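Pasting the structures here.
Both of the next two complexes hold chain A, though its partner changes from chain B to chain C.
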Partner chain A sequence: MTQGDFNLDNEWKYLIYRLGGELYGSPLLSIKEVIKVSRIKPVPYTVPHYRGIISLRGNIIGVVDLRIKFGLNPQENKYGGNVLIVENEDMMIGALVDDVDSVMALNRDDVDLSPAIETKIDTKFFIGIAKVNDSLINLIDIAGTLSNEDLRMISRNRGVL
Partner chain B sequence: MSSVSYKMKLIIINFLFAVISVYFLLDGAINTNYGQPFWIGGIALGFLSLIFYIVGLRPIDSCCDSYFDNILGTLERISKNFLKLTKNGKEYLSNNSKEQELLLEQDSVLAELNFSIEKTLKNADESLSYMNKSKNMSEEGKRVLDGLKEAMDGIKGAASALEEIISVIGDINQKTKIINEIVFETKLLSFNASIEAARAGQYGKGFAVVAQEIGNLALMSGKASLGISSLLENSTNQVKELGIFIQEKIKDGERSADECKRVFIEISDGLPSTLSSLDTVFGLMRKQQIEMEKIVGNITRLDQMIKRDGHSTKEMDLAVNELTKDAKQLNENVVIMNEFFSLGSGFDEYEGDYNTENENHKLKNNEIIDKFSINLENENENENENENENENENENVIGLGKMQEEIDGIEDQLNVEKKVANYSGDSSPIVRAHDIAELYNKSLKKGSAETTDTPSSKDPRFKEDES
Partner chain C sequence: MVEKQDKYDMEIVKCFLNEGKELVDEFEHVLLDFDKGQKTPEMNGKLFRMMHNLKGASKTAGFPKLTDFCHSIENVLQNVRNGKLYPTKEVCSVLFKALDLLKSYLSGITVDVDFSIDTSFIEKELLFISTAVVSSEKSQQDEEKSPLNLFNPININKDVEAPSIIDNVVNVAQNNSQNNYQSESNNIVADKNNFQKKIGEVLIEQGVILEDQLEKALLVQKNAGAGPREGTSANNPTIVGSSIKEEQIRVGLWRLDSLINFIGELIIYHSMIKERTTQIKLDDSVLLEAISYIGKVVKEIQSISLSLRMIPIKSVFKKMQRTVRTISELQNKKVNFVTEGEDVELDKVVVDLIGDPLTHLIRNALDHGIETPEERVKKGKNSEATLTLKAEHKEGNVYVTVKDDGRGIDKEKIWAKAVEKGLISENKKKDFTDDEILRILTIPGFSTKDEVSEISGRGVGLDVVKTTIEGIKGTFWIDSKINEGTTFYINIPLTLSIIEGMVISLEDMKYVVPMGQLVETINNSRYITVSSTGKGRMINLRGEVIPVLDLGKMIHGNRGRCNEKISEKSEADFSGLVINYGGRKVSLEVGCIHSQQQIVIKNLGKELGDIPGVIGGFILGDGEAGLILNLPEIVKYNARLIERNNEKIAYN
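Moving on to the complex of A and B:
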């Protein structure tokens, strides 16, 4: 993991995390916190990618399993996985990932924004692709991965407690 | 009897001579013409008859009886002694053969004894070797057991050490887990710190650096923790191997114990064969004792037989001595008889020859008798030598045979003399006397081979009668 230049703008810092063996990245500013998941309380009659709710310093946060969301094998992480706390329009969302790898400051040259890729859903979550050490990293916006229904559900569940 | 009739005949002859002389004297006295020759004749005859009486009849009268009695007595004694001799000789021979049988038996008994002794010694040696084997085996067993004990002790030590190691590894594992957790949390902390630093904006840049360093530290800790984990894994494997090793050693110990058991069982099995060997040894020794007793019995019997042999030979010796004396005496008597009956006529002429012939005859007989007595003396000396006895016996038998021949010759001579004495012909006394003399001379010829001339033909006395 390359250490980014100190003088670079914070906007170009990305948090790199693993998901199903592959590296993904998200903008560091979008992520409020990273916590180790202890216990996710499941909620019945919810979609599979909605794992449940957790309590963080008194706040109730719904957790979405990005593995299931992306259609990957849902495998149990040894250490229980990490949850990225993402802030989205006054609403906190938790995203379950396998492992947080590092924080990278990427150069403008390394990032290839809006490539020509077709996906099932809206491409607004897909930011771009970064080239680091002969490997590619998908840069995605976590909030963009969730559909409106998911957002509604999460906001509704926030009020349960 | 014959001597009596012989004597009677001589008396008759003498009486006739006297009668004839008287007749001639009377005739001479009556016939004065031719009287002188008859006178002379009568006187001569008278003198002759007197001389005959003095020289011939009287000695015969006095000593003929005694001579014949002597000779007969001697013959009887000789025959008795001879019978005794032969009987003793036979007894001796039979005893000798019995002795030889006993000796042979003894030889076989001794051979058996030797064999059994050898067997005994062999068995004793075998017993000793068995005992030594047992001793060695038991010592081996001891050594094996000692080795086993050492192995067991080693195993115990290893087992205790193993337990310690396992507990230590467990502790380390636990600590490592804690460290891993810390590392993880530190990482998260660094990320959160970076996020906050980013939110802080330009004021958070210093803090971003701090966050980064924290992340680095977390990484380093993670690596160390990984190393520790790998080491722990190695240790665990080693402990497992050690456990297996110990198990194997325990199995070896068990095998050694079984071997030891087997060795001791072998030892205990070997002892009964030792005892049976000793039993055979004792049995053989008892047999030997019996054989020894047999030998002793045989020796005593042999001793008795030898004593009897001595007695027999002594008797034989006595008999032979007497026989010798008698034979010599008989020889002398015969010679004297020869001399006596060849008196007067031709005595002067053949004196030398007759004497030498008779002397030769006497000497020959004496030689044979001496040889025989010498042989018997030798026999007495060699009584204890079993080997010579048979030879001497054979010689003695031969000597006895020769003696018997001589005695037969003498007997024949005497028989002839008896015939002469019992001679009862019908012819005149003179013819009778002539015949008697012839017979006697024939007997002499028979007795001595050297005599070739018949004295009767050269006898001047009978020549005178014939004329």
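Moving on to the complex of A and C:
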């Protein structure tokens, strides 16, 4: 999915969460569920933002730390992390975030689609910035961010063997 | 038009389809044995009963057309049972054809209950054989007392006789028998005999068949033939009621998998309790005994649950018999097909996948390996070739071999072809062993259609066979000697989803290592580790000095997760896994070695597809995910990393 696929003309529901102290939002429909995880098993020879694997009802799912991926300050949550389970094409992947805030219905008028900001997030997956009350929310296409293509770069030191 | 729901009771139809498919499969198995020579009354009785059951079931489910079709198959079997029909190869062929039609009929109904196939052709053929071939043994016995002895057993050859007349006879016979199933088979035999010799001649003169003549013939048949024959059939009492089939329940694979998972957890928790008892120095003999007994029971349950996934390779072997039969008949080759180890059990998934490559190899052997009887005789071989399909357990794996005693593969030709195709340069020949030359056959692209004639067809699709086998973590290789034959070897793991593994921990994280990779384990024993010139530690293992590598450092070293506490010790309790790496022993230090157990392999996400040193994942008793490690690959990977770093240092 790309930016254009989001129907911003009407109301759209977003899941709002925190990453490194900032608010982020992603389309609610792209997130299957939110789970609390106490421990994530690291996988050797992977990039730092690939935190490892967890088990979810008998399946093993990889977890990507969005804070590290976006170059934000990871804040270790003493209650363990919240993992957003994202269903993507034919696979499931988890996204580790600081905290889940709320579900919000956003209008087209709330969103600035081409803000002049600098971010580590691939502009392809950056939807825009929503101004709600006094806070700003970065809207990102989480499914696109964690797409197959992106995940192919998980392995470190490729080609050594 | 009746509504589908009214016409069929879907529950019954479902039941019928399940039962029907089972019956048809079983029928095929028995028919194959039957065809191979086990032409005993018991076998025939089995066939008859199965078809009879199927007929009954299809009638109950409301498929009259299918019922009729089953009935005509049953007729043939009935005749065989009564001794009126000798089960020649031709008879079996027709039965096989009918069986195939039955199969497609059933699968058709699975998709659409109103499905229907034109069965008339096979039905006629069935009717034809049940009328055409008289038991040669029986007729000889009967020769003195029966007027039917005028007729010799004849072979079916529809082309020679005028088909329309046959159809006529058959039709009349059908009309005659429609009201009376019991006497139908008798009628038919008579019809056919009469047609062949007595009335047959008259028929040819007149060109028409007359009903009264036919009836006359029937009478002759009834008076003369039926009497004694019924007597013989009475000697072979049928056991219709007492089916000896084992009771079975169909269970979804996911259920088995979750059962196996839970039992795995049970084992981990049990070992946790057991560990705890030694830690707290539990001194309660009753409790300790109970805990150890639970351990035994759990292990037993585990082995049963694992065996649930295993099915014998028999079903695949039976299919191969069918292939051999068809092809050897088609190519006029005499083949004695021998199967061994049909009871060897493999994971269901593996059994399902191995069918295609095996068919391919069998076809290859029949098509290109085995010579025609004339050619074989010329070569001084037995005119009947032997094709062996064998499965056996060896070293925790299953070996399946396809062996023929045919002409073998001409390595020179392969070599020439490979050079011609530009795969290899001519002067390198001395570097290649025979085995390696044969391996050229499995190179994709080497085996395209064009080359079939040039390299006697060998190699067609062998690359596909190899890829399929490798896909199920097996290996495939070929051995061949000119004029002595070819053997295809397949080596496959027992199962894809379970491995025998050792649970270890690094710091407080658990990992699994496949047992197959371990030479031995050193569990918490006192070993003197020597640090020589700061280059690394060694331990003395029964006089053998072997290097010590820190597994924790190797897999998470760059993240600072290595186990500092242990690696600083110079003489202390040491837990390590000894593996064979490149021909020498290497020990990998770990935090703790827990237990050996069977582990259900879980697939990791696609994103981890090319991570070195990891075979798969598993789920621990506490619900945490873990990794199954590939130790030699980890050692190799680290050695490469060090090499690279050294290169970099040297470069700088």
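Assume the second predicted complex is superposed on the first by the 127 of 161 C-alpha atoms of A that agree within 3 Å, B and C clash if a C-alpha of one lies under 4 Å from a C-alpha of the other, contacts with A are read in each partner's own complex, and residues count from 1 in each chain.
By our rule, a residue touches a chain if its C-beta (ideal position, glycine included) is under 8 Å from a C-beta of that chain, and two chains touch if they have at least 3 such contacts.
All values reported here derive from a predicted model rather than from experimental measurement.
Undergrad: With the two complexes superposed on chain A, say which partner A:15 touches: chain B (first), chain C (second), both, or neither.
TA: In the superposition, A:15 contacts chain B only.
Undergrad: Counting residues of chain A in contact, which comes out ahead: chain B or chain C?
TA: C
Undergrad: For A:43, decide between first (touching chain B), second (touching chain C), both and neither.
TA: In the superposed model, A:43 contacts chain C only, not chain B.
Undergrad: So, does A:31 touch the first partner chain B, the second partner chain C, both, or neither?
TA: Touch partner of A:31: chain B, not chain C.
Undergrad: Between chain B (first) and chain C (second), which does A:53 come into contact with in this model arrangement: first, second, both, or neither?
TA: It touches chain C, and chain B stays clear.
Undergrad: Quick check on the superposed pair: does A:91 touch chain B, chain C, both, or neither? Answer first, second, both or neither.
TA: Second partner only, chain C.
Undergrad: Going by the contact rule set out at the top, does A:61 touch chain B (first), chain C (second), both, or neither?
TA: The answer is second: A:61 touches chain C but not chain B.
Undergrad: After overlaying the two complexes on chain A, where does the chain B footprint on chain A coincide with the chain C footprint?
TA: Touching chain B and chain C on chain A: no residues.
Undergrad: Looking at the complex, which residues from chain C come into contact with chain A?
TA: Interface residues on chain C, with respect to chain A: 258, 261, 509, 554-556, 559, 561, 602-608, 610-614, 617, 619, 623-627, 633-634, 636-637, 640-641, 644.
Undergrad: What part of chain A is in contact with chain C in the complex they form?
TA: Checking each residue of chain A against chain C gives 39, 41-46, 50, 52-55, 58-62, 90-93, 148, 151-152, 154-155, 157-158, 160-161.
Undergrad: Which positions of chain A touch chain B when the two form their complex?
TA: Where chain A meets chain B, its residues are 3, 6, 10, 13, 15, 28-29, 31-36, 79, 82, 100, 102-103.
Undergrad: Of all residues in chain B, which touch chain A in the complex?
TA: 184-185, 187-188, 191-192, 194-195, 198-199, 201, 205, 208-209, 211-212, 215
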